[in-house]
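Shared between the two complexes below is chain A, which has chain B as its partner in the first and chain C in the second.
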Partner chain A sequence: MGLAKYVVRRIIYMIPLVIGISIVSFFVMYAAGDPIQIATMGNPSITEAQRQFLRNYYGLNDPIPVQYLRWLDHFIHGDFGMSLYGGKPVNQIIGSLFWETSKLQLFSIILAFIIAIPAGVYSAVKQRSVTDYSVTSVSIFGISMPVFWFGIVLILIFSYHLGLLPSAGAHGAPSLWPVFGIRDPFLDELAHLILPATVLIFAGLAWHVRLLRAGMLEVLRQDYIMAARASGISERKILYKYALKNAITPLITLLGLEIGLMIGGAPVTEFVFSWPGLGRAYVTAVSKLDFPLIMGITMIITIMVLIANLITDLAYAWIDPKVRLE
Partner chain B sequence: MADTSKNKESGFSMKRGVSQWAVTWRRFKKHKSGMFGLGMIIALLVIAALHNYIAPYPPRPLPGSFTPLYEGEAGMPPSLKHPFGTTVMGTDVFSEVIHASVYTVYVTFLATVITMLLTIVVGLTAGYLGRHVDEVLMRITEVFLVFPSTLLILVFARIYQLKVSEPFWYIGGISIPVGLTIIIFIVSIFSWAGNARIVRGEVLRLKETEYIQASKSLGASSRWIMLRHILPNVLPQVIVLATLTMASAVLVEAWVSFLGFGDPNTITWGRLLQESFNDLSTTWWAEIFPGLVLFLTVLAFNLVGDGLSDAINPRLRE
Partner chain C sequence: MAPLLEVKDLVKYFPTYSRGIFRKKIVGNVHAVDGISFSVNESEIVGLVGESGCGKTTTGKLILYLERPTKGEILFDGKNAIEIFENGSKEEKMELRRSMQMVFQNPYASLDPRMTVFDIISEPFKIHKHVPRNEWKERVYKLLELVGLEPYHAERYPHEFSGGQRQRICIARAIAVEPRFIIADEPVSSLDVSIRAQILKLIMDLQHRLGVSYLYISHDLSSVRQISQRVMVMYLGEIVEAAPTDELFDHSIHPYTRALISAVPIPDPKRKMNIILLPGEVPSAINPPSGCRFHPRCRYATSECKEEKPSFVEVDKDHYVSCHHYAEFA
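And now, the complex of A and B:
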């Protein structure tokens, strides 16, 4: 089947999935309660008439299916509506936070992937060596570590105790710029990035290394590796060209999933480090029940995951010619 | 000994061979880190059972309140009297961690039971019945896998946090926290899908084996084959998945509570971490110790999971 035809078919197949997920999310949320009641809870002087006015303004008095269809109409036209707080359009909020989240996530995902490859390969080749034991123990620590707690420990050590790195935010005011005595906006950004990125890298790395190690152990036992060794091909080439190519597929799936979920940020990590990204915005939106913003972020992530899945499948076919696109 | 399945199938001799479970246990016992994890889990169960006797101070009368200013010592660093220190509100961190262990055990086991029931039912029926049933169930599974579940868990948790009116159900003198139970259900509903896929794959493999074909040709019903032949053979895999589910259930509940979407009427480890987060710069011990206990608990379940999977699939260790 032609590549273009395959991609088009997959995209058409995504449409019912996206609509299904939007229906479930929308109905669950709107059946939950009255966002206006929650938004105005802290305001004792507000009257019921004013509340009613707000509900009318946001169209919350219509039956839920009508509200959904209206939402869907806007969604198809690329509009997520207005946030219930601050009166800004959801598109604008998402747009302004998009870069900070992507910066943190891409940096961490790519670095975790790059570190995982030599660690996983080496650990599998030298199975039961000291290195292997340390790599496997560090990775089981990594998957067991509550990310937010790890973040807290890093803040305590590097920000509060040593005073080396900032504990919150993505940027500092120019007066706070000096990083190790050098005033520079780029260094300042980098300094803010280090702690949250370390948390994300450590958490992601553990899964990558475990998957790759298991895959390599499986592949290295196969006949074609022995054949390659017998024909005198250098060990380095065998490992990184012949074996890795087959062992890396599960890692690619994981990478695809991570990039898909990337835009959701890591709500917990962003919360701990007060990172001005989508993950933290999502947490505040949920606690205030800012429905349009929640729906907007949820839908963006869903679409990103589906596209990332498609790209992952294409990457599979590219790596492994045996995989047929159908 | 190397091939455990032989012991089960050689029904010719009158004397029964060593059961598969005994063989697995023997292998597991040699797995040092697995045994260490098991020891920690047993310790957790003991602590949870005897929490009222172990903890030096009683729990708070009402979870939202901070009345028990234990001997007027607020924000004290760890000492012999307060091994984990006290919070700014004057509660003893050590006692609270001990009391909260009960909820950890509750979350772990209930979440795992629900998740694994869903996993087994979906995995088994989809794998064994195949065709249309498989098609429909796998589509549903796919939706659950695509759902940004970490985010939706928060939405659900928040909604029920606002809706729950009574804090506890009293069943036979035992008080069951309503909010926490709802969170457990939410977490479980979003964690079966990946497991079900693995079990389905295993069932598909088993379905083609000769003994199943033999049983079929002897006229066994689908139900008989599923429950008597396939289920016992996927059980080892299911147990490994269950241990890993326990680890993730503890973690998920902790971060849901940490973000402030937990049950307002129960003090869990995540809730303790949330309460003291703003006082991080002054009372660091109130964050470090509950987090450390949480980390060790998750680690224990993961170590047991690793040990079990090595004991069940010894081939992978060679």
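And now, the complex of A and C:
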């Protein structure tokens, strides 16, 4: 079948891309410095001989291409090696953080998308009305607010002053969520999601709303919308079925990009809310030059972006008959 | 016999705004359609001609309530259409929607690019439920055949068709509801000359076979002459002359009509053309000229024309004209 063939071909094309990206990141990373030096910097009692021993232990003294090939061999076998800190396998670290980050990100991205649809449609229909201006203002407000500031303001209001929502972590805050005394793990996770997700939704909403508004304005001027009206289709159906289907393509692109980039996408939010996620781990790993962890997360992001691109292309072909998958 | 469609004193003003810092103010009105009256009989094609921007398309949209009329009355089959669209029950509205359809000027913009031809043509069945679902396929094929397309076209998307084919699809969609009245808004002006004749023939064919009435809007006089039984000439939101087709082309009275007719190219290189050139531009519809709207461009204009609005008088059987000096031109 055409579609299966297309998908298989696209996945095969990804292999050289993944390898290329891994080579570039690997060499750039080695140019950044010596992880052993950084790790032992604060400890004056460590001798140069001990450092040399550590470098040998982690194989850091071999020529870089040799190290790369060794890494690649492990990578192909699904093994990212051991973290330089704590000695835990990178696979295990990523595995536990991956879910937390995707949970937060998917929740925010999808909710932003769902909110943007009525908001974008409505502000296009009532162009230049008070509602249109309000929707635009709120979404521009969200986009221009620095995440670290807005996040902290939310924490101050809802956690510190009102004591309604937990301020940190993804679940099981030390003093259990005090308001309703709920111990249900699902509600507990949801409560932890609300504040960081609000920040992310606000930050992303404007893109969705503005794109959809522009698309709708364009589509609503078309004669086929007028023809639909003339044949007696209800206004609601015209907007949400006929016009939306034609106006939503840019939004699908944006959604694909966001989902591809979501893994590394929100380190600041994760820091502010002490979210046990990959974004935060990534930044920490880079500052400590934890080579195996950096490579591991980089590869996960790469693969996510490539897969999201593929899904976006498939969604395009599904929604727009003019797009042929070749 | 009562006419199928009767339009009385139809008016449409579009407000123009000045954009201040806080609020917008209405500074004027575009007099798109300014008090026109006419009627269309059962299974008759009436042509509506005029320059770009004279209000032809707006008239069409007003009749279908795609724009809301500022004033006036529209009687369709004796029923008050505006009243029904504004306050009528859902059934009444749907019935009216079923009776009137529109074919748009640009076939590239009037078909939803995300729908197959089958979906486009069967859409009216879905809305009006006048065809049982198991007959949809048959009906769509029949409609395609009626407009000169093939059944296998049904599974295709609009972008796979040429302009002429698209216009046929638009016509098929319009007649899918079995309307009694179709507004054809410049249906051939964006098509190649070779395709035009086919589409015009199709329109006339449907008039004979299905008894559909048309309001044929165009700026192309030769196509109007070919297909309509009566012609109305519009200038700056008003109808200046209306007459049966042959009468209008052979004995036009209004200087504007005469200028228009003189500008129609004649496919004979030896014949000398006497084009009546109109001085100046079409005035702004925001501040239309006083008196007769045509007076700034009319070489016969007198002081009476500047001050007084001419009335629409019947000068011959079914021949109406709005000019102070009609007696001199007749």
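Throughout what follows, the second predicted complex is superposed on the first by the 313 of 326 C-alpha atoms of A that agree within 3 Å, B and C clash if a C-alpha of one lies under 4 Å from a C-alpha of the other, contacts with A are read in each partner's own complex, and residues count from 1 in each chain.
Operating definition for what follows: contacts are C-beta pairs under 8 Å (C-beta built on N, C-alpha and C of every residue); 3 or more make two chains touch, one makes a residue touch a chain.
Bear in mind that the values here come from a model prediction, so they are computed numbers and not experimental data.
Legend: residue contacts after superposition of the two complexes on their common chain; A:319 is shown touching chain C, with no touch to chain B. Once the two complexes are laid over each other on the shared chain, residue contacts for A:246 go to chain C alone; chain B is not touched.
When the shared chain is aligned, chain B comes close enough to touch A:283, but chain C does not. By the touch criterion defined above, A:187 lies against neither chain B nor chain C after alignment on the C-alpha atoms of chain A. Touch criterion not met for A:72: it reaches neither chain B nor chain C.
Counting residues of chain A touched by each partner, chain B versus chain C, the larger count belongs to B.
Common to the chain B and chain C interfaces on chain A is no residue. The touching residues of chain B, when paired with chain A in their complex, are 33, 142-143, 146-148, 150-152, 154-156, 158-159, 162-163, 247, 251, 254-255, 258-261, 273, 277, 280-281, 284, 287-288, 291-292, 294-295, 298-299, 302-303, 306, 316. Listed in rising order, the residues of chain C touching chain A in the complex are 61, 64, 66, 93-94, 97-98, 100-102, 104-106, 109-114, 116, 123-124, 127-128, 157, 159, 170, 173, 177. Across the complex, chain A meets chain C through its residues 222-224, 226-233, 242, 245-246, 319-322.
In the complex of the two chains, the chain A residues touching chain B come out as 17, 20-21, 25, 28-29, 32-33, 38, 140-141, 143-149, 152-153, 155-156, 160, 214, 217-218, 261, 264, 267-268, 271, 282-283, 286-287, 289, 294, 297-298, 301-302, 305-306, 309.
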